[in-house]
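One chain, chain A, appears in both complexes that follow, with chain B as partner in the first and chain C in the second.
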Partner chain A sequence: MRKKRSNNIQGLTFMTPATLTASLFIVVPIAYAFFMMFFNINLLSGTRTFIGFDNFRKIIGDPRFWAALRNTSTYVAVVVPIQTSIALILAALLNSKVKFNRAFLTVMFIPTLTSSSAMTLIFMWLFNNNGLVVNQLEQLTGMRIHFLTNPDLALSVIMIMNIFSTVPHFMVVFLSGLQDIPTNLYEAAAIDGATKIRQFFHVTIPQLMPILFYVITMGVVGTFQIFDQAFILSGGTGGPQNSTLTFTLYIYQLAFTSNDMGRATAMSFILGVIIFTFTAIINKVMKADEMNG
Partner chain B sequence: MKKDNQTLKIIVYTILILYSLLTLFPFAWSILTSFKSTAEIAGGGTFFPETVSTSGWQTLFDSQYTTWVRNSLVVALITTVLNVIFNTMAGYAFARIDFFGRKFLFSLMLLLIMIPAQVTMIPLYIVVSNLNLINTHWSIILTSMINIAYIFMMRQFFINFPKEVEEAASMDGLSTLGIFFKIVLPNAKPALATQAIFIFMGVWNEFMRPLLFISSPDLYMLTQGLNALSNQFRNITAWDIIMAGAIFSVIPIFMLFIFLNKYFIAANDRSVGGK
Partner chain C sequence: MNKFVKSLGMVSTIALLAACNNGDGGAEEAGEQDETSTVEDNGGNGGNVNLAVWGSSPAETNALEETISSFEEETGIEVELEIIQDNFQDAMTARFAANNAPDVFYLEAFAAPMFIESGVLENISGEIDDVDDFFDPLIDVFRGGEDELYAVPKDYSTLALYVNEDLLEAAGYSTEDIPRDWDDLMAFADELQGDLEDNQAAMIFDQTLARHYSAFINNGLDPAGEEGSADFTSSPEAIEYFESIIEGKEAGYLQNPQIDMGIDSAGAAFGANRAAMMIEGNWVISALNQEYSDLNYAVLESPTINGEEQSMTFSVGYTVSRDAENREEAIAFINYMTNDGLQQWSELSGTLPPRESVADAMDLFDNPVLEPHVLAAEYGTVWSSGESLPVVASAFDNYFQAAVNGTMTVEEAMQAAEEEANAELDRR
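Here is the complex of A and B:
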C-alpha cells in the first residue's frame, strides 16, 4: 500500500515537467482553437464576437484560399513521389556493397543539417535572375528564364530545394530498412535466376513496405505544412501572383497581416483535417497492399 | 556475367559520385560567392573569385549577426539541457514506475504527437501572448522544452535497459531519484547524446517559432536574422554578405556532425524502430 503511494508520487513527479508543458502549450491551444474558430477576434481591442461558421464561409469565398489549396496540393503531389524515389534508389545503391559508402553517406547527409532559411538563401542565389542557374541555362538554350519572378516557376524552385534537403534523411531511413532484410531472400531469388533489377522489385520493395509507408506519410505531413521556404522566398507575400502562397503561409497572413485570429484558426483546423484525412487514406491503401503482398 | 557486374558497378559509382557532387555544389558555390566582391557578383563574373574579397564577411561580423549567433546559441543550449532532463524523466517514468494515470498520460502523448505544430500555431501564439512572453527568448525555451518523440525514445531505451542494475542499487538503499541521477543517467549516455544533438539542431534551425514570437532585431534568432539579412542586402545584390551569413550558420551543426557522426545516422534507425 505504501509502495503504491510512493510509486504514484514518484511517477507523477517525474512526469510533471512533461505534463505541464504539454498541457499548457499543446492541449490548451488545441482546446482554444475549437473555440476561436467560431469567433471574430480582435487582439488589439480584446473583443470577441460569436459568428458561427462565418470564418469558414469567408475562407471558402476567398480566391487566395483556392490558390493556397492548388499550390499546396501540387507541391505535395510533385515532391513526395520524387523525394521518395530518389531516396530509395540512393539507399539501394549505397546498400549494394559499394566501397566508401560511409563517405558517400556523410557527404550526402549535409543538406539535412542545413536550416531551411540558410538553404532558401542559397537556392535564391542559385536561381536569382542574376544567378548561376539562369546564366548557365542562357548559355545552353539562349533563353533567359527568370525563375523567382515567374509565377509558373517560383514554386518549382521551392520544390527542388525541398527534395534536395529531405532526400538524405529518408535515404538513411531506407538504408537502415534495407540492412534489416534477410540476405537469404536475395540468395533464393538469385538461385531462381532473378537479375539484380528483378530482385529489387520482387524482394526489396515488398520487404520495405512498412518503411515506405512511414516515409510517404512523413513526406505528406511535412510537405502539407511547407512554410519557411515560401515565406523567405516571397518575403512573406506568397508572390509572384500568389504562386508561392501555401496553406501555412495563408494562415500566417490571415493572423498577422489581416489580424483575423479567428479565421486563421478556422483555416488551421481545415489544414489539420486535410492532413489527417490524407494520412488515413495512405494508411488504408498501403496497409491493404501489405496484406496482399 | 562478370562483365555485366562490372558495368553495373560503374553505373552505381557514377550515380553516387554525381549525386555527392550535386549535394556539395550549392555549398561550394555559396562559399566561393562569399569571397567575391559585391561589384563582381553584380557583373555576373566567373566561377572562382577574380580577386578574393573578405568584405562580405567583415560587413557580416560588424552587423547584428554576432548577436543573433549568440541568441541562438544560448537559447538552443538552455532548451537542449531542459529537454534532455525532462524527456528522460518522463521516459523513465513511463518505462519503470507503475503510477496512477500512466496509461492515460501515455495515450494522451500518443495523440498529441500526431497533431502538426502548424495547426496549433495561432492559438499557441495567443497563449504565449497571454503569458506576456511575446518578444522574449522564454517564449521559445518554454514552448519547446519537451519533445514527445524523445520521451518515447527514452521509454523504449529504458524498457530495453536491464532492470537488475537498478534493483541492486535500490537494495543498497538508494532512493528512486538517487538511482535516476547516479545509475540511470550515466548509463544512458548514448541516448542522451542523440537527444541533445537533435534538439540543439532543431532549435538552431527553427524558423517559424522565432518569426511568430520575437519582433525586436536585437532578440532575433539566427534563422530570423538570415531572413532579415537577405531582405536588407538582396536588392543591392550583396550576395557575398548573405552567403557568408548562410554558410556561417551551418558551421556549428556541421562541426557536431563531423565529431558525432555515428549519432546522426544511428538516430534515424531508432526513429524508424519506434514506428
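Here is the complex of A and C:
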C-alpha cells in the first residue's frame, strides 16, 4: 500500500513538468481555439463579436474549402499507400543480407534529414520549365510538360517530393520492426513449405501490424497537415487555380490574408475532426488495440 | 524505495539547475536596467523607446544601428532595437493581440490600411516636421480617411527598366532604340528575341499583381479601391495590357525567371546575360554591382502605359503604436530618422530617401542609375489600396497564372479572380 503511494508520488512528480508545459502550450491554446471559432475576431484591435456557427456556414459555402478538401484528400489517398509500400519494400530489402546495407541505409536516410523548404527549392529546380526533368522528358518523348504551372500536375510534384522525403524515416521504423521478428517463425513457415513470398505475406506482414498501424497513422496525420511545400511552390497563393491549396494553406490564408482568425480556428477544428475520424477508422480496420494488447 | 530516493535526488538537482538559470537571468536583467539608468543619468533628458524592424541585409542592419547611435548621441534617448526574422506582419499582429506592441515599428504601405482601420496606430498629424518635403505619394499612403497621418516613410523602391547593353549591342541595337511606350516595347522585344541566342530572353516578366497594379490605375481602374469589392474586368484596356503579356510569354520574348528559365531571381538571370531587359526595383542594384561587376547595364524609366508614365512604388515607414508607453520619445525618434538622420541612413543602407531635399543633397537626380527610380517617386503607384487589397491580390495571383498557362483566356481569368475575391470579401 505504502509502496503504491510512493510510486504514485514519484510518477506524478516526474509528470509535472511535462504536464505543465503541455497544458500551457497545447491544452490552453486548443481550449481558446474552441472559444474563438464562434466569434468574428480582429486580432489587431482585439475586438470580437459572437456569431455562433456562422464561421462554419461561411467555410462550407466557400469553393476554396472544397478545392482544399479535394486536393488534400487526393494527396493523402496517393501519398500514404505509396510511401508505406515503398518504405516496407526497401526495409525488407535492407533486412535481407544485402552487402553494404549500412551504407545504403545512411545514404537513403539523407532526404529525411533535409529541411522541407530546401527540398522544395531543389524540386523546383528539377521540375521548372527549363529544369532537368522537363528537358529529359522532352528528349525521351518529345513532349514538354510544364509541371509547376499546370494545375493538374503541380500537386503531383509536391506528392513526389513528400514521398521522397518521408519514405526513409518510415523505412527505418519498418526495419526495426522487421529485426524484431523471431527467425523461428520463418523456419517454421519454411518447414511447412511456404515460399519467400508467402512468408512475407503470412509471417512478416501480420507481425508488422503494430508498426504498420503507426506508419499509416503518422502518414495520414502528416499528409493532412501538408503546408510548407505547397506554400513555397505557389508563393502562398495555392495557385494555379487553387490546385495546390491544401487545408493548412487555406487556414493560413484565412488567418493572415483575410485577417479572420475566427474562421481560421473554425477551419482548424474541421481539420482536427477529419484527422480524428480517419485515425479512428484506421484503428478500427486494423484492430490496432487488440494487437497491441 | 531506493529508486524513489534516487528520483527525488534527480528532481531536486533539476530544480536547483533551473533555479540557478533563473538567478542568472535575473542578474542579467538587473544589469541591463542599471545600464539604462546610467545612460539616463548621463544623457540628462533620457528616456527610451523600443523599435521593431524586420531583418534585411547586413548592410541595412549596420546602417540602422549607426543611424540609431547618432540619434542616441544627439538626444540621449536610448533605443532598444529588436530585429524580427519571422514573417514581420504576422509577428506584429501577434504582438498586438498579446498587448505587447513595440513603441515604433516598420510599416509596409501594403499593410497600412489594415493597421489604420483597426485603430491600433497613433495619430501623429502635426507632429512631424516639414511634411511637404516628402514625395506626396509616399506619405499620402499612410494617411487615414480624414487625412490624419499614421506613419512616416523611411525609404522606398520603385520599378524601372534595366537594359543589358552588352546583349543589346551584340544583337545590333543600342539603348536609344528602346521605345518608351509599353506596346512599342513589346514589339521591340519581339524583334530583339530573333537576334538573341536560344537560351536568352528579350525580357523578363513577373506575373504578380504587385508589379502590374499601375497598369490598372493608368487605365482608370483601382481593382481594390472600393471597400469590400474587387474589380478586374471593367477596363477593356487593362485586359488588353494583360493579353499583351500572355502574347509575349507564348511567343517566348517574355519569360519568367523561375518557371521558364530555372533561375532564382530576375536579377540573376539579367546578371548572367540570360535576359536583355527586365523591369525591376532598385533593390537589384547592389547585387548587380557586386556579383556581376563586369556587366554593362543602363537604367531607363518604366514604360508608359496608355500614354502616361507609370511605375510601382514600394514604400516603408515608421509608425507608432497607439497609446505607446514612450510616445514623446517615439515621435522624436521618427522625426530624427526621417529628417536629420535620413541622409545618413539612406547613404549607408543604399535605399532611396523619401524627402526631395535629401534626394537633391545626395545628387540622386544626376545619378544615371538611380535617377529613373527617383523620378518614379512622383508618378509611381504605391503598392497599397484599401483594406481588401491582400484578398484581391491573392485572387489575382491565383488565376492570372492560369492565363499565363493558357488554360484560361485573360478575360476568363480576370472574371474568375474577381468572383473569388468578391465572394471572400463578402464572407469577411
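Rule of thumb we're sticking to: the second predicted complex is superposed on the first by the 266 of 293 C-alpha atoms of A that agree within 3 Å, B and C clash if a C-alpha of one lies under 4 Å from a C-alpha of the other, contacts with A are read in each partner's own complex, and residues count from 1 in each chain.
The rule is short, and it goes like this: a residue touches a chain if its C-beta (ideal position, glycine included) is under 8 Å from a C-beta of that chain, and two chains touch if they have at least 3 such contacts.
Bear in mind the structure is a predicted one, so any value in this text is a computation, not a measurement.
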Between chain B and chain C, positioned on chain A by superposition, is the outcome a clash or a fit? clash
Under the stated touch criterion, which partner chain does A:Gln253 make contact with: chain B (first), chain C (second), both, or neither? second
Contacts for A:Val220 in the overlay, against chain B (first) and chain C (second): which applies, first, second, both or neither? neither
Classify the contacts of A:Phe109 with the two partner chains as first (chain B alone), second (chain C alone), both, or neither. first
By residue count, is chain A touched more by chain B or by chain C? B
Contacts for A:Gly238 in the overlay, against chain B (first) and chain C (second): which applies, first, second, both or neither? second
Quick check on the superposed pair: does A:Ser45 touch chain B, chain C, both, or neither? Answer first, second, both or neither. second
Partner chain(s) touched by A:Val79 [first = chain B, second = chain C, both, neither]: neither
Could you look at A:Ile163 and tell me whether it touches chain B, chain C, both or neither (first, second, both, neither)? neither
Touch check for A:His146: first (chain B), second (chain C), both, or neither? second
For A:Ala18, is the partner it touches chain B (first), chain C (second), both, or none of the two (neither)? first
Looking only at the overlay on chain A, choose which of 93-101, 219-227 or 399-407 in chain C hits chain B. 93-101
Those residues of chain A which chain B touches in one complex and chain C touches in the other: 7, 9-10, 14, 43, 124-125, 128, 130, 235, 256
Seen from chain B, its contact residues with chain A in the complex are 8, 12-13, 15-16, 19-20, 23-24, 26-27, 29-30, 33, 41-42, 44, 82, 85-87, 89-90, 92-93, 97-102, 105, 108-109, 112, 114-129, 142-143, 145-146, 148, 151, 176-177, 180, 201, 204-208, 211-212, 222-224, 226-227, 230-231, 234, 237, 239, 242-243, 245-247, 249-250, 253-254, 257, 261, 264-265, 268-269, 271-272, 275
Residue positions on chain C within touch of chain A in the complex are 1, 3-4, 7-8, 11, 87, 89-90, 93-94, 96-97, 99, 114-115, 118-120, 208, 258-262, 390-391, 394, 397-399, 401-402, 404-405, 407-408, 416, 420, 423-424, 427-428
Parts of chain A lying in touch with chain C, wherever the complex brings them together: 3, 6-7, 9-10, 13-14, 42-46, 58, 61-64, 124-125, 128-131, 146, 148-151, 235-242, 253, 256-260, 263
Which residues of chain A touch chain B in the complex? 7-12, 14-15, 17-19, 21-22, 24-30, 32-33, 36, 43, 89-90, 93-94, 96, 98, 104-111, 113-118, 121-126, 128, 130, 132, 135, 164, 168-169, 172-173, 176-177, 196, 210-211, 214, 221, 224-225, 227-228, 231-232, 235, 248, 251, 255-256, 261, 264-265, 268-269, 271-272, 275-276
